[in-house]
Each structure stands twice: as structure tokens, then as C-alpha cells.
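You will see two complexes here that share chain A, one where it goes with chain B and one where it goes with chain C.
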Partner chain A sequence: MLEAYIQAYNDAVFETDKQTALNVVNQALQNGFSAEDIVFKLVIPAVEQMMAFIERDPDANLAQHFMTAQIAADVTEKMLEKFSKPPEMVGRVVIGAAYGDLHSLGKRIVSGCLKSLMVDVVDLGCNVSAERFVDAAVAEQAQVIAISAMMVHTAIGENGSLKVRALLKERGLEDRIKLAVGGAPYRFDPELYLKVGADAWAADGVNAAKAIVELIREVKP
Partner chain B sequence: MTPLQILAAAQDGSPAPRIPVFCNLLDQGAREVGLPPQRYFSDGAAVAEAQLRMQKRYGHDNLWSLHYVGKEAEILGCREILFAADGTPNVADLVIKSLDDIAKFEIPADITQTEAWQPIGECLSILAGEVGATHPICAYATASTTLPAILMGMDKWMELFLLGPFDLRDELLRKCSDFFRQQIAALRAAGANVLVYSSPFGSPYFVGRRQVETGVLPWMRRDLAPGGSDGVVYYCGTAPFNEVIDLVFAELGITTYYLGPQADLAEAKSLIGDRGLCCGTIDDIRMIHWTPEQTRAEVKRIIEIGKPGGFFLFGTGVMPLAIPEANIREMLAAAFEYGSWQ
Partner chain C sequence: MNADDRSAAADPLVSVVCGDRMRTVPADPHTSVRHALDTGDLRVRAACGGLGTCGACLITVLEGEFNPPTLAERQKLLPEDLAQGRRLACQLYPRGPAKLYLEHPAPDSAWKSPDSACRVHAAGNPAMGDYPFGVAVDLGTSHIRLSLWQRQTGRRIGSRIGVNPQLAHGADVLTRLDAERLAAAESLILAGEARQAVIEGVRDILSRDLGEITPILQQVGKVLIVGNTAMLSLICGAGDDSLYDPANWQASIACVPDDLAAWRDNWRMPHADIEIVQPLAGFVGSDLLAALIAADITALPAPAMLADFGTNTEIALWDGGRIWATSVPGGPAFEGVGIRNGIGAEAGAIQRVELDEGFLRLQTIGAASARGFCGSGFIDAVALLLADGVIKPSGRFAAPQPATGLRLEPDNPRTAIFASDIDIFQRAKASTAAAMAQLAKFSGIDLASLNSFWICGSFGRHLQVSSAIRLGLLPDLSRGRFQMLADASLTGCERLLLAPDPGKFTTGIAQRIRVVNLGGVVEYENRFIDHLRLQPFGVTE
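Let's look at the complex of A and B:
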């Protein structure tokens, strides 16, 4: 029944037209759908459709990725206030830009999509040390550490993902905490994530959220 | 023929012994002259010395006056750059921290008088004196629609660009375009003869084709209006842009296109034809882990696609420091071998 709304919502997102997307959501609310329906039957299926689209068409542009995440996160945040009871969260991720890296767009796209998929996101910001990633993941009981690196040296350097992997191993956390990476260097070399000790990667921020949810499901009972 | 003549021959389709071969060695310079990055990049003479030494050792055609992209932010008031021993310097202090800062943001009346410009001016002066008559001297200038990303962060800029407030967005774009105009004129005057116009927002990979046409192209036109497109190279920061090549030809008159490694080179060659110069680039991130043999095979593949019919240049991205020297040497040896017309 929400198919038409999903289509109209995604058409607006595809055109990076936030206002029209919000109008679609408001129209659905006015027509009697609950906040839970909006999130679980409109926003999440729409994000999943967009993930599939972006995966099929790697030419989907960065603005579309950004708007997919921003609109979905905004709508979800507003709808959560109207939920009759708090939703069950899928899991928790700590996310940040690698040590020495000050780029924030990638993690913002990933975070937006994750929030709309009912994942708790703990954003550690930029230039995050390996120790801080691991300490935060333990303290927050996160299932996944997600590291964004937009520069080659922050992706492959010894203070980035490689060190997080070493710390997870040293502290016996590898079964409890998985490691995901993303960012421009990984797009150029799809095998690079293995070389830096990560469990998963994705070519774009939207599908990174999907990869992270899969990792959460691997470790969460 | 000198490298500059070989480049000119590739641009107009006249005979030459080989295709031009560009290799962008930027971060390698500090190691070359044995200085820590921060000291190296503050010394224009050191940057020039490193460029001259590396060009002599490896034999590629071009030299660079670019220190690092964050220099533009420094000219515009950035007070902190995060230097790294193993990679590219990074802007650590955003000039525009909130939308309120846009009104206060000012372009210097003469950027060549700023402290941050001095090493660039010094470097260019040395390079122009030493090899200006014989070699391509590359300079880098960020388009007005992309410059805000290093002033306020890419995510904040993407948000302002797409969602507004549009009066503020346009005010910032106008200021950035004014800066671009000053900068490209200063680079030309100081001796740069290859002007890399970095315009990632001019790629449909960043924003849709319609947004490129309506939201980016008018600003690119404004950027380039005073000095024209002579010597200008269209570059979208390794993002693919085949879809807008015809548009850029028609609207901006740029005739040299520096593709990213993931672009469809055969398609770009056919789109550009004999109207201009197409640069095919190697994936230099994969070069970090390739063997010399793999590097050679990839150079051969690229040149076999790009060279037939001429109007072709072989180039690199920004060559990460982690690339083994053996791969740099093999890449260049292969480029000269397969790029030969003799």
C-alpha cells in the first residue's frame, strides 16, 4: 500500500529534492499511516531500494548518496519521537575518520543510512586514534568499528585500520567486534580492505550501511 | 624535441618522437631533499629543487609548483595544516566554521602578497628560470564550486550546495570565483604553463548532469572568463566525467582532459577525437601493491587504448608515497617504450 509513497519518496531523493521527499512523508502521515509505518514500511524499504539501485548503477552520484542518507536520517529522527514505544535497535557501531584524516562526508552518509536502519551510531569524529576506536567500541558495547579514510596514507598507514585490527587481536575482541572500512582509496583497489585487516568494505556510503548491518548480524546473538 | 614541444605536438596532432608522459610526484619531494614535510613545504626553493631532481632522475616530462591543495585554504586564512610523514597534508582548521562566517570571509586584495603564497611564487620563479622554456610546469587551481569543500568541509559544502540557503551559497561561490580568477592569473604570470583546473563538482559523479549544467557550469564560465582556457586542463579529482566532455568543449573551450583511472578511456578518446588532448591515467593506488611486471602490463594496456590516432598523453594520479620506486621506474620505462612513435 505504501508502494506509491516509496516510489514518490525515492524519485524525490534521486532528484536530491529534500522538500518533496518530506512532503511525501507528511502526506502519508496525513493519510493515517503511523510513525512506525513511515519508518519500517516507507523509509527503510526506500533506503534498501536506493542501495540496490546504487549497487546496480555505480554512476549514481555523490549528491544522491548524501541526500539518501540525510533525508532518511532526518525523517527517522522525527518519526522516532512519535513512536508508541522505543524501537528495538539492530545494533551499535562506533564510526570515525581514520587517524590523520579530517574528511567527514563519507562517515556522515554512512551514519545517516545506519540511523534510518535502526542502528545506534556513536560518531567519534575525525582524526581518531586506533586506541580510541577500540576503547569506545568496548565501552559502548558496539558490534562494529567503522573507519572512513579518504587518503591513501590514512587508509593503509600503520596507525589506521591495521592498528585497530592489531588491538582487537591483542585484546581478544575479534569475535565480538568486527571492522569495516570505506573511502576513496578502497574504490580504486577493491582488495585493499583485506590488506588493512578489515572484515568488510563497500564502494559507497549507502551500501556501507548495508555491509555494517550484515557484520552486526554476524556477531549479535 | 623538448618535453614542452612534445606536449604541443600531442595537442595539435603534429609528429613527435613519443607521447607526453606526466608523473605527478608531490609528496615524494620532502624525502628527496631530506626535510620533514612541514619545513619542506614552507620552502619554495626546496620544492623546486626536489621537482628538478626527481624530473632529472626519472625523466618524465612535467614538474609541479603545487605544494598541497590546502595551500589555497592557507592563502584564505586557514591557520593549521596537519602534516604527515607518510602522506598528503590535510586542512585542520576550517576557514568557514559556520554559515555566519561566509559574510565575513574575504578574499585578499592581492593574493601574491600573502605569506602562504610566497613559497609558491618562489618555487615557480625557480622552475620557470630553470626549465620554463623546455618543460611543462604544472600548477593547480581549485574551481569555485569545489573550493568551499576545503574551506568548510565537504559534507557542509554538499549540504549548502544542495539545500541552501542559496543566497549564502552564491555569495560564497562569488568570493571563491574571485579568488580563482586572481589565482590563475598569478600562476600564469609566475610561469606556470599547464593549469590544472580541479573541478570535482564538474563531474556527474559528484552531482547530477543537470546540476552540472545549471549549478556548476555558470560558475566555471565565470572562473575562466578573464583569462580564457589557454593552457587549462579539465580535471575532476580522479572522478569520471566523460558525460560532460562535449558540454565542457562547447561551453568552456577547454581542449585538454585529464581523466581518472576508472574512466572509460576508449569512450573519452572517441568523444574528444582530434579536437583536443586526452590523458589516460594509471591507477596509482593499485601500484602500491603491484609488481613491476603488473605495472608494465597496465601501462601497456592504457597506451594501447589511448595512443592510436595520437592526441594522447599518459599520466598518473597523485602517486602515493607508498608506491615502491621500482614501480615508478618500470611505469615510466614502459610509458616511454609503448608511447614511442618511432
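Let's look at the complex of A and C:
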């Protein structure tokens, strides 16, 4: 029933045309669909379709990747205000770029996908120290720490994931807080996440969000 | 606009043949053949400033009309030489299309004369005493620009532009930082290379424009160097990881060489005060400070914006009280780096694309056959293809293109544009445009109210502002508000070198600068994503 809206929404996302995508959502609202329907039956399937599509399309560009996540996050955020009762969130993640790393955009795609999957995201920004990751995860009662690293030295460096793992161990938090990583170096070496002490990694935004949701389920009763 | 009409078909040209090489220059009756050739690779020999006193720049007229032989030529050349068409290139002014033969060119050199006019007019300072010569250096990532001055008289002896040998170590500053991180020993070698490049440029000026070297080097009293932080750090021989340390990104980094005596000794300039103008922050160099001095930004009616397009693009906004400044990556695309058929602004580079009765007309530098795009030509091409619906605002081609790309000239593979090229350009333009919008937001200024917009960097010299506006690289202001400032950083460095009270400039401007690091500013990231779309500025704000 929402198929036509999903198609129109994804056509707009494909064209990186944010306004048209928002218009489709508003049209669906006016025609009686609930905010919950729009998130669960329109946005989430649409993001999954679009990510799968542009992963296969060699001509897909960065603008399309970002817009897919950005528009989904924007719409979800707007719809949450209209939910009839507060939505049950899946869990909470603290996310950030590794110490010494200023590349912040990769994690934004993941954040956008996480938000549309009903995960609370606490974005710590760039150049985040290991201590800050762990302290924030404890303070926010997050189930997952997600670390983006776009350069080899920030991925494998001693102040990055390795130190977060060491701190989790030292403070006895390993059962409560899981560690996920992502970024270019991990795509080059799919085993690298193990070497930096992470519990999971993924190659793209949608799969990263799904992997994080699984980690949340592991530790959250 | 600084329209560059060197390649316009109607202009008469002088072609210079030398063995199997040939170069064409515009037949400008006010520019000597020597000066015209000095801007390129094929140069005449020279050992004086173009006064006809050294007689080294011999050249033979094969065809065409020139000015009659000057007094200097009649003193240097025998009547039978003159009768055979032998002339001195520095005394020779074309009066129409012509052909010349150059038997003995100058040895190949990395250095050329810039083809932009000098903007600094110095009064001269009689107090300069025994060491009146001074050198201004702009140490850029891809090019080094420098000029030699007689500070006592305020005369510019000569200026040069050359490729920075550091360019071989990586396409952008970050790669170079990786290179720097390798080893302290290597960073000393890199410092040595950069210093060697600068002194070779100075020696090129001395040998060609003064005719003597060592005695003048001993009279150099000052060398002033501006540049981006990475380059300044390299030339100082900083063998540590200071640029890698996040603690240094926002604070100012001291670029102070610890081997000044050895440096002076190496350059044979025993009396030179070699000074590095300190960068503003880890990611904003003193080249931006110099460009702001060149534009005299605080004397301009506010608000005014300045953008120095280069490997990194620095952007500054003068709001009447403060100068907001930042630096964004992605600039290499504007210099043709990363674009599959991208090349620098050199002969054969497509520098402009226009629509002429339904057909695309390519203008190349030196009117040579097209060898690739420089930044301005690429931007023109994308803007025209967007207007034509061949490229969509998302940055994708409307229809799939062959693996050989979309060729503007069907038979010339070097005119092909690929989807990945547009993607790279979108990132560069989005990071730049979003930074302009973000600085405006920080200062509470509406970009539409900008009184002037200064475009620095060689990229700006060929840029068609209308194309940049159509793609959303520049805000949509009336064309008259855009000002081109070629060699801005060198110009600012020269002002500092020659000013009786340089501290007035640096403190007057530097104290007002507020450096902003946009890394991790969520609002900026949102803007970046919105600005990836190819559409005029402001639609998405």
C-alpha cells in the first residue's frame, strides 16, 4: 500500500532532492498514514532498498550515499515527535571518530541509519579519546561504542580502538558495552577489526547499523 | 573579469622555433619577446634585466614585422648580423604575426616568470644600508613563488614561479604529512629539497635579471617566507610529529628553524635575516595572512569574503570587527588533481568551455590541442552539461556513459569526463561552499550582503564566475563584486618585506583573525551534505 510512496520517496533520494522526499512524506501523512507507518513501513524499507541499490551501482556517488542516510534521519526525527506514544528505542550508541582522526562524515551515514532503526545516537564528534568514549558510554548507559577511523594510523594506533578495548577490560565493562568499528582501512582488510579488539564491523552504513543493533541485543536483556 | 585571451583565435601570434620545439606567444607590441618567453619553458639566454647590455638573448627573425633595431642592438650586433635578421629578444617588439628562430635557448629550468603584473609599489627605504636586497617567498604546496627586491630603491628585480619539489611526495597535504611522519632523517632531506628549490629560484633571478650572483647574495639582508603550515614546518626541518598531534590543530604551531646559521651558510647569504611568518594555526598558514594583507581586508567595507583556492582552500570573512578564517580540504580538484583528465594550468589545458551556436567550444592555454582540463575548464564543462540536462543536480549523468567517458571532442580521449570526476568535484565544492555559509552563520552575516568577494590562487585567474555560481561553488552575487587577486600570498609577503613597519600589518590583521576549525561542527557537516548537490548557492539554506 505504501509501495507507491516508497518508490516516489526513493526516486527523490536517488536524485538527492531532499525537498521532494519531504514532500512525499507530507503527502503520505495527509493521506492518513501514521508517523509510525512512515518510519517503519516507508523510511526503513526505503533506506534498505536504496543502500542495497547504490552498493551495486558503480555510478552511485557520495552525494547519494549521504542523502540516503541524511534524509532518513531527518524524516525519522520529525516523525518521532508525532508518534502517538514515545517509541520504544532499541538501545543507545556512542559514536565518534577515533583519536587523531578528523574524518566525521563516514559515521554520519551510520548515525542516520541507526536513527531510522530507532537507536539513540550520542555523537561525540571527531578526535575522540579512548577515555571519552568509555566515560560517555558509561554516563549515557550505552550498549555500544562505535568508532570510525579513516586512516590506517588512527585505526590501528595505540590511542584508538585498542585503548578502548583495554579500558573496557580494565573497568570490567566488557559484558555491558560492545565495540564496533568502521572506516576505509577495515574495508581493505576484513580481519582488521579483530586486530584492534572490536566485536564487529561493517562495510557500509545500513549493515553497520544492523550489526550495531545485533550487538545491542547481545547485551540488552 | 580577468579574461585570459591568450588563446583567442583572432589574436596574432609569434611562433618561436628552437630545434624540434616550438612555442607561440601573443604578438603584443608592448611586451618584448624575451618577457613573453620568460613565462614559459622555452626561454632565451639572459644575463641582464632586459636592457640589452649583456647581448645573450640572440634570436633570428624569419618572418614578420618588428620595431627597428635599438641603440643597444646596434652597439652589440654587427651590421651584417642585423642584416641577416639577428636581434636581441629583450629589445624586440612584434607588430603582428611573426616567426622567430632561437638557436641557443637557456638551459632547462624549473623556473618561469609569472605572467601577472606586480601589485606592490614600494617607495624605497634609504635606511636599508649595506644589505639592501630582500627576498619574498610564498611556499605553496604545489608551487613556490618568489621575488627579489632592491629595498633601498623599492625596485623589484624579478619574480619567479616554480613547481615545489615536495609535490612528488604526495598529492595533498595529508599525504605529505604521512611522508613527514616517516622519519626525522627524511624530513631533513625534505627540508633540504625545499630550501634548495628556493635558492635556485633566487639564483635564476640573479643570473638572468642582474647578471651576477655571489656579490648580490652577500647583500641580501632579509628573506621573508609565508606558506601553509605543513610546508613551513617542512622547510624548518621539523622532524617530529607536531602536525599530527591533535593538540596542535587549533593552537598556533611555531615554525622556527633551529639551524639558521647553517641555512644562511648554505644559501651563501651571510647577512640575511631569514624569517618565517608564523602560521595562524595548525591548518591555517601564513599564506592566508599574507593574502589578507594583499587585499587590505580590514580597509574594505564590511562584509567582505576572501577565498584562496589551492590544495587546501582557505576562506576568510571580514565582518567589520573580526576576520573569521578557516581551511577546508578538497582543493586539489580545483587544480585538476584527482580528475581523470585533470592537469595544471599549462599548455594544452582546457581553461574555458563555451557554448557557441549549440556547439561546445574549448579554449586551451597556448591554443594547443587539448591535453586535459584545468580547474576552470572543468567547472565550465560541468556547468554547461548541467544546464543542458546531460548531468543532473545529483551529479550523475542523465544517461549511462561509455567506459571511455563523455568526450567533449569525440576524437580526443583527453577531453573525456567521468562520473567519478564529478563526484570528486562535488566534494570539493561542497566543502568550500559549506565553509562559506558556515562562516557567514558564525558572524551573523547574510552572504547576499557581501560587498566584495576576493578570489585568490591561480585557479581564480581563469575561472568563469558565472559557471561557479551555477554549480554553487560561489555565492550568487553580482559579477562586479568579485575581485581576482593573482599571487595574493606573494603580494602580501612583499608588502611585509618592504613595509617600514611590518608589525603594523601583522598585528592589525592577525589580532582580528578568529580561526575556526570546522572539523566536527555538526552544522557544517549538514551543510556539506546539502551542498553536494549541483545547484546555485542559497537554495538549500
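Quick note on the criterion: the second predicted complex is superposed on the first by the 209 of 221 C-alpha atoms of A that agree within 3 Å, B and C clash if a C-alpha of one lies under 4 Å from a C-alpha of the other, contacts with A are read in each partner's own complex, and residues count from 1 in each chain.
In this section, a contact is a pair of C-beta atoms (placed from the backbone, for glycine too) under 8 Å apart; a residue touches a chain by one contact, two chains touch by 3 or more.
If you're wondering where the values come from, they're calculated on a predicted model, not measured in any experiment.
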Combined model on chain A where chain B meets chain C, clash or fit: clash
Touched partner set for A:I156, first chain B, second chain C, both or neither: first
Chain B versus chain C as contact partner of A:L62, first or second or both or neither: both
Touched partner set for A:G125, first chain B, second chain C, both or neither: second
First, second, both or neither for A:D204, with chain B first and chain C second: neither
Greater chain A contact set [chain C / chain B]: B
Single chain C stretch clashing with chain B - from 60-68, 222-230, 258-266 or 294-302: 222-230
Residues on chain A lying within both footprints (that of chain B and that of chain C): 15-16, 18, 59, 61-64, 66-67, 70, 100, 102, 104-105, 108, 127, 153
Complex contact set, residues of chain C against chain A: 181, 244, 246, 249, 392-397, 400, 419, 422-423, 426-427, 430, 519-520, 522, 525-526, 528-530, 532-533, 540
Interfacial residue positions of chain A with respect to chain B in the complex: 15-16, 18, 59, 61-64, 66-67, 70, 100-105, 108, 127, 151-154, 156-157, 184-185, 187-189, 191-192, 195
List of chain B residues in touch with chain A within their complex: 82, 84, 86-88, 90-92, 153-155, 158-159, 161-163, 204-208, 211, 238, 240, 261-262, 283, 285-286, 288-289, 320-322
Of chain A, residues touching chain C in the complex: 14-18, 59, 61-64, 66-67, 70, 97, 99-100, 102, 104-105, 108, 123, 125-127, 153
